[in-house]
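First comes the structure, then the notes that go with it.
For reference, chains read A, B, C and D in written order, and residue numbers begin at 1 within each chain.
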Amino acid sequence: MSIVFYVLTTITVMGALAAMLLKNTVHCALALSVVFAGLAFLFMSLDAQYAGWAQVLVYIGAVAILVVFAILLTKGSETPKDGVFSRTWFVGLVIAAGVFAVLGWAVMGSMKALPQLTAVPQVTNLDIGNALVGRYVLPLEIVAVLLTAAMIGAVIVAIHEKEGQK
Amino acid sequence: MTSLAYYLLVAALLFSIGLAGALVRRNAILVLIGIELMLNAANLNLIAFWRYGPHPERLTGMIFAIFSIAVAAAEAAVGLGLVIQIHRHAKTTDLDAMNRMKG
Amino acid sequence: MIGFFDQIFVLLQHWIVSFLPAAWQSAAGVLLAVVAIICLFPALFALTTVFERKGIARIQNRLGPNRVGPYGLLQPIADGIKSLTKEDIVPMSADAAVHFLAPVVMVVAVFMGFAVLPMGRNMVLVDMDAGLLFYFAIGASAELAVFMAGWSSRNKYSLLGAMRAVAQMISYEVPLLLSGVTVVMITGSLSLTKIVAAQNHYSYGLPHWYIFTPWGCAGFLMYAIAATAESNRSPFDLPEGESELVAGYHTEYSGFKFALFFLGEYLAMFSISGLGTTLFLGGWSAPFSFLNWVPSWIWFFSKLMLSIFVFIWLRGTLPRLRQDQLMNFAWKFVLPMCLLNLFVAAAWRFMGDGWLRWVVCSAVLIAAYVTLGWSEMHRGKIGPRSYRYAE
Amino acid sequence: MLDTEMVSGSLTHCGPSCDYLVLIAAVPMVAAGVIAFLKQPRRKTAAALSIGSLSFSLLLSLIAFTRVLVDWIHGVATHSVFNFTWFQAGTAHVDLGWVLDPLSAVMLVMVSFVGLLIFIYSTGYMKDDENYTRFFCFLSLFAGAMLGVVIANSILLLFMCWELVGLTSYLLIGFWFQKPAAAAAAKKAFLTTRIGDVFFLLGMVWLFSQTGTLLFYNHGAGSMEVAALAGLLAQPAAWGLTAAGAIGLLIFAGAAGKSGQFPLHVWLPDAMEGPTPVSALIHAATMVAAGVYLIARVYPLMAAGMPTGGTTTALTVVTWVGAFTAVFAALIAVAQNDIKRILAYSTVSQLGYMMAGLGMGGVAVGMFHLITHAFFKALLFLGAGSVIHGCHGEQDIRKMGGLKSDMPLTFLTYSIGMLALCGFPLVFSGFWSKDGILEAAQHWSVAKAPFYMLVFGALLTAFYMTRQVAYVFFGVWRGGKPAHESPKVMTAPLGILAFFAMALGLIGTPAWPWFRSFLDGRAAAFDWHGFMEPGLGTLMLASSVIVIFGWWLSWKIYGDRSPQPMEPDPLEKAAPMAWGWLRDRLYVDELYSATVIAFYGWWARVTDWLDRRVWGGAVAGVAGSFALWARLNRFLDANVVDGGFDNGCAGLAGGGGLLARVQSGRVQSYLRIMALGVVALVVILIWSSRP
């Protein structure tokens, strides 16, 4: 077990817990970006540099900022009056625990069958580039279309406010 | 080296934490954050299986993760756009209040 | 001999590291390099502060700091001591943790940017395969720091400043990336050393720097604009606009944290111009073939100081842009040009050598430049304010 | 001997075409049409029109008769036929036509001559009746129809005129419709003849279907010609009868109805309700004769397949019916007190004679008696009419008496008529024609009974006629107002008729059988040997003795004594029970009312019951079932369909409600459910795939 793995997992898990449990939403958002960073480094520990940095660029660079913007725009920053958790929080917790138990059971059950460590895959960005444009060119195009659509969609959803508020 | 099981466990833990958050928190944005967490846990799984999988050179896991990151970003954008719209309209992000879609 | 001077630092590093046991050597080598960078660039920061204040003064037909040391050269030391001794006031309502973390994240993010820049022939801290991606990823996280600063100080002005800064940085991050992408398209690799290597050869004595290609020139121009915006400098320095928003997102900071922010800002400027030189100005390669004997790192730092001079020059001459003008300019002029540049670069690459591609590419770019520019100016986009007030 | 071979063998179409024949029938009918439109007071024009039209027909008939006579003299039996297609329906075509042959020529002359006399007589008789024009309209219509029957060559045309005759008899009998008795009598006449006509129609249709043609004579293709007859003979019908026999009998039933033979005679006596000229014309001379003429016309059909000297079943039936009717009617006539009823029953009896003559002696014998009977019966009826006219409408003989001095002319002509009717030897026509029949009966191969029945009938005829004359003309006037002689216009026809009643007998004497040979188309030669026929002499002697004996018996009983008006009849005193039976017409009417009417009543009730109960019940049942079905439907609809549907919807809505609660609108609850789903799935997946 490498120290790095442990450190990273603890950081990520603590960040996740913080993101979920903190009272102040902005703190949650920041905890979230910590989780993103932790995950990025986990990716790199799995020798997926490209994915890691892409994760950093996309999540920390864009999504975190977006979340924060959303929080500010919806006055989420003030702490809500009546409790942070929904009324039936216990049920949610139980269900989440159930899901974790099941997943854990599945993983532990198949521990032996899982493949062991293999050699570090010699993967360069050139291969990734070729793969993206070669074998996975269709998903690439589709993601491109999806992103454009999402952008336009988000704009349309948000833009209504401009006319309304003249 | 850490074996695949541990990564899977971490991913499961992250996933359930995200789920718990989504289920428990009252604020819509935090539910979205929970969902982001679940998505990332899934990405971790993908990369883990890719790394420990039989054919890492085929890059399927990694590229799948990359696409998933892209899509997640788009999803976050639209989700937050909606939440902002709801807030602007209903002046609240409290999920319990948002039950206009009741059957 | 020339090689010795060129590689002086590399040899120095090896020499020092050789004293350590083998197992530690690589780590020690890296550590050494890190220490070197951490010492070098703050020194440069100090230098440039004085250099900037004297420059602006001269532009504004005044002297600038000349009290401390000969011709005011020791002014940075005075500032340093001042910032250290000043009391570090943290507003009561501020969010202590985030307030404290903001400058730390800022500086750390910026410093990490230097790891990838090739300052000289094989003088790069980390020769990462996806160097450019690393750099942009780290650059992106800087915005988060700005936001943390602005929000944590619980001050309307700082929050407004932070939001403006973040909006601006996000808007200009896209053109920055796209211009970088054009270079990647032509060289075919993300690693900066390969990019510099691709530019490091000469024909008829003239270097093959990307800036001397039509798409390169346009790319560098867009990059320069995006760079100044990214680092909140000169025409785009609205967030710190002293005249309106007091000091933008770092108004509530005082003492050493303020100095840290200041340091972070300048370091950002250094790294962004360093990247600019590596991408478009041929990094550490000499301007002319016969000047090759000069050590590579000297070219790198001279180009760096040249860019800094341009920044200071811009700051002194150009008026500040309004927020909506700034945003329109980004999304309606810079971004389209960068996208077009992508196509031009693609065309450049696949048209093969010869005068034809020069003519075509430059024609396309000039035509685009004129039309976009004309429609912008003509429709008065940059005319009177049309934005709404923030809620 | 009877000559049986058929004249029709050589149907020659020589002689003039007989298309003018239709005028004989058409002119009176047209006159009737015109009179119908005249106003009531236009009495003179009506009388003139009808008498004129009939005299025109008489003239044409005479022309036709002379033409036939001339041909006959040349030894040619004329049989000119004029046929045409009335209308075409697809392939079937309905033909009409008229024929001129000795039979129809004789009948034409007889009908038109007697009719004319009766028309002239009735102008006097009906003088003070306000419906004078209407009377003459009906009379002309009747004459036209009767002539139509005579000339008809197509059985359909014959049937149509036959029906028209029935109609006019109804109209004339019921002329004084204000009298309920007259209306009832008219209805009774119409109905009973109608029954006969039904059989006639059946026969006609059967004949038409078998022979394929309606025409009697059609250049070889007619139904009465050899080809068709052979076809009919081949057809076996029921009870051993051949088709020809069966059709013949059916047609005889029609004739029996019209001529008042035994079963269907009940209407004739009641028909006396009509004015006397009507009774004379219809119930003496023409209409009743139509039945006999019909049988004569279809004689070839009935006699088809008759072995020489033998007879067919059809003819035997006719004979027996005729003989029985003769005796039966004569017996009833003896006990009647109404002057016209006595004559009516005598007519029925004489018709029985004619039918028997036809059945046994063939066409000539029957037709000769028909012609002679027409004249003296018309004479008797008109005489009775003038007596009634004289006695101011009194008809009961017991209230008359001693009229020979008051009405000498009527007495004279009436007694001539009575003598002709009884068959006073040698001088009077009745003797020769009745003698012919008796001769035929004598030689009849089947049985002797009809001969004796006819002889007894002759005796009875003599008896009741003398009784009637004694009551009416001898003795003392028992009535109210003294009688007066009828005017010239009434007595003149009586005189003419009287002359013919005597003269006609000569054309049929055995010595000079002109009439028979005329009908058969053979030359007639006068020779005295005719009397030398074996048995003829004894027969003539026997019949004259019978007649004289009848006279003597009746004169002895009734003589010149004039019994009290309502005094019971001497015979009644002798055999009151028998007398009662005869007076009440042997209860035939009562029999009928007891049987047929009763049956009919019962049948009506049955059908009513059937209709109301069964059919009505069925309809009610159906309606009920529909009502039931409707109620069931409503029940089903209300409970099953609606109920089921509503409950179903309610259940659905309830279920929906239940599910709706799941759709709580809270995003997190959805997420919760999804998570549960994932858990469940994974558990199942793992649990199911464990080794």
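Everything that follows uses one rule, which is that a residue touches a chain if its C-beta (ideal position, glycine included) is under 8 Å from a C-beta of that chain, and two chains touch if they have at least 3 such contacts.
Note that the structure is predicted; figures quoted are calculated from it, not measured.
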Original post:
Taking every chain's C-alpha mean, which one sits closest to the mean of all protein C-alpha atoms?
Top reply: B
**OP:** Return the distance between the CA-based centres of subunit B and subunit D, expressed in whole Å.
**Re:** 118
**OP:** Starting from the mean Cα coordinates of subunit A and subunit C, work out the distance between those two points in Å.
**Re:** 29
Subject >> Inter-chain centre distance, subunit A versus subunit D - centres from mean C-alpha coordinates, in Å >> reply: 123
Original post:
Which integer distance in Å separates the CA centroid of subunit C from that of subunit D?
Top reply: 142
Original post:
Of all the residues in subunit D, which ones touch at least 2 other chains?
Top reply: 666, 668, 672, 675
**OP:** Scan subunit A for residues touching two or more other chains and write them down.
**Re:** 50, 54, 62, 69, 86, 91-92, 95-96, 99, 103
Original post:
All pairs of touching chains?
Top reply: A-B, A-C, A-D, B-D
**OP:** Show which residues of subunit A lie in contact with subunit D when the two form their complex.
**Re:** 86, 88, 91-92, 95-96, 98-99, 102-103, 105-106, 109
Original post:
Which of the residues in subunit B end up touching subunit D in this complex?
Top reply: 19, 22-24, 28, 31, 95-96, 98-103
**OP:** Could you pull out which subunit A residues touch subunit C in their complex?
**Re:** 24, 26-27, 30, 33, 37, 49-50, 53-54, 56-57, 60-62, 64-65, 68-69, 72, 77, 124-126, 162, 165
**OP:** Flag every residue of subunit D that touches subunit A in the complex, lowest number first.
**Re:** 666, 668-669, 672, 675-676, 678-679, 682-683, 686
**OP:** Give every residue of subunit A touching subunit B within the complex, in rising order.
**Re:** 1-2, 5, 9, 12-13, 16-17, 19-21, 25, 28-29, 32, 35-36, 39, 42-43, 46-48, 50-51, 54-55, 58-59, 62-63, 66-67, 69-71, 73-76, 80, 83-87, 89, 91-93, 95-97, 99-100, 103-104, 107-108, 111, 114-118, 121-123, 127-128, 131-132, 136, 139-140, 143, 146-147, 149-151, 153-155, 157-158, 160-161
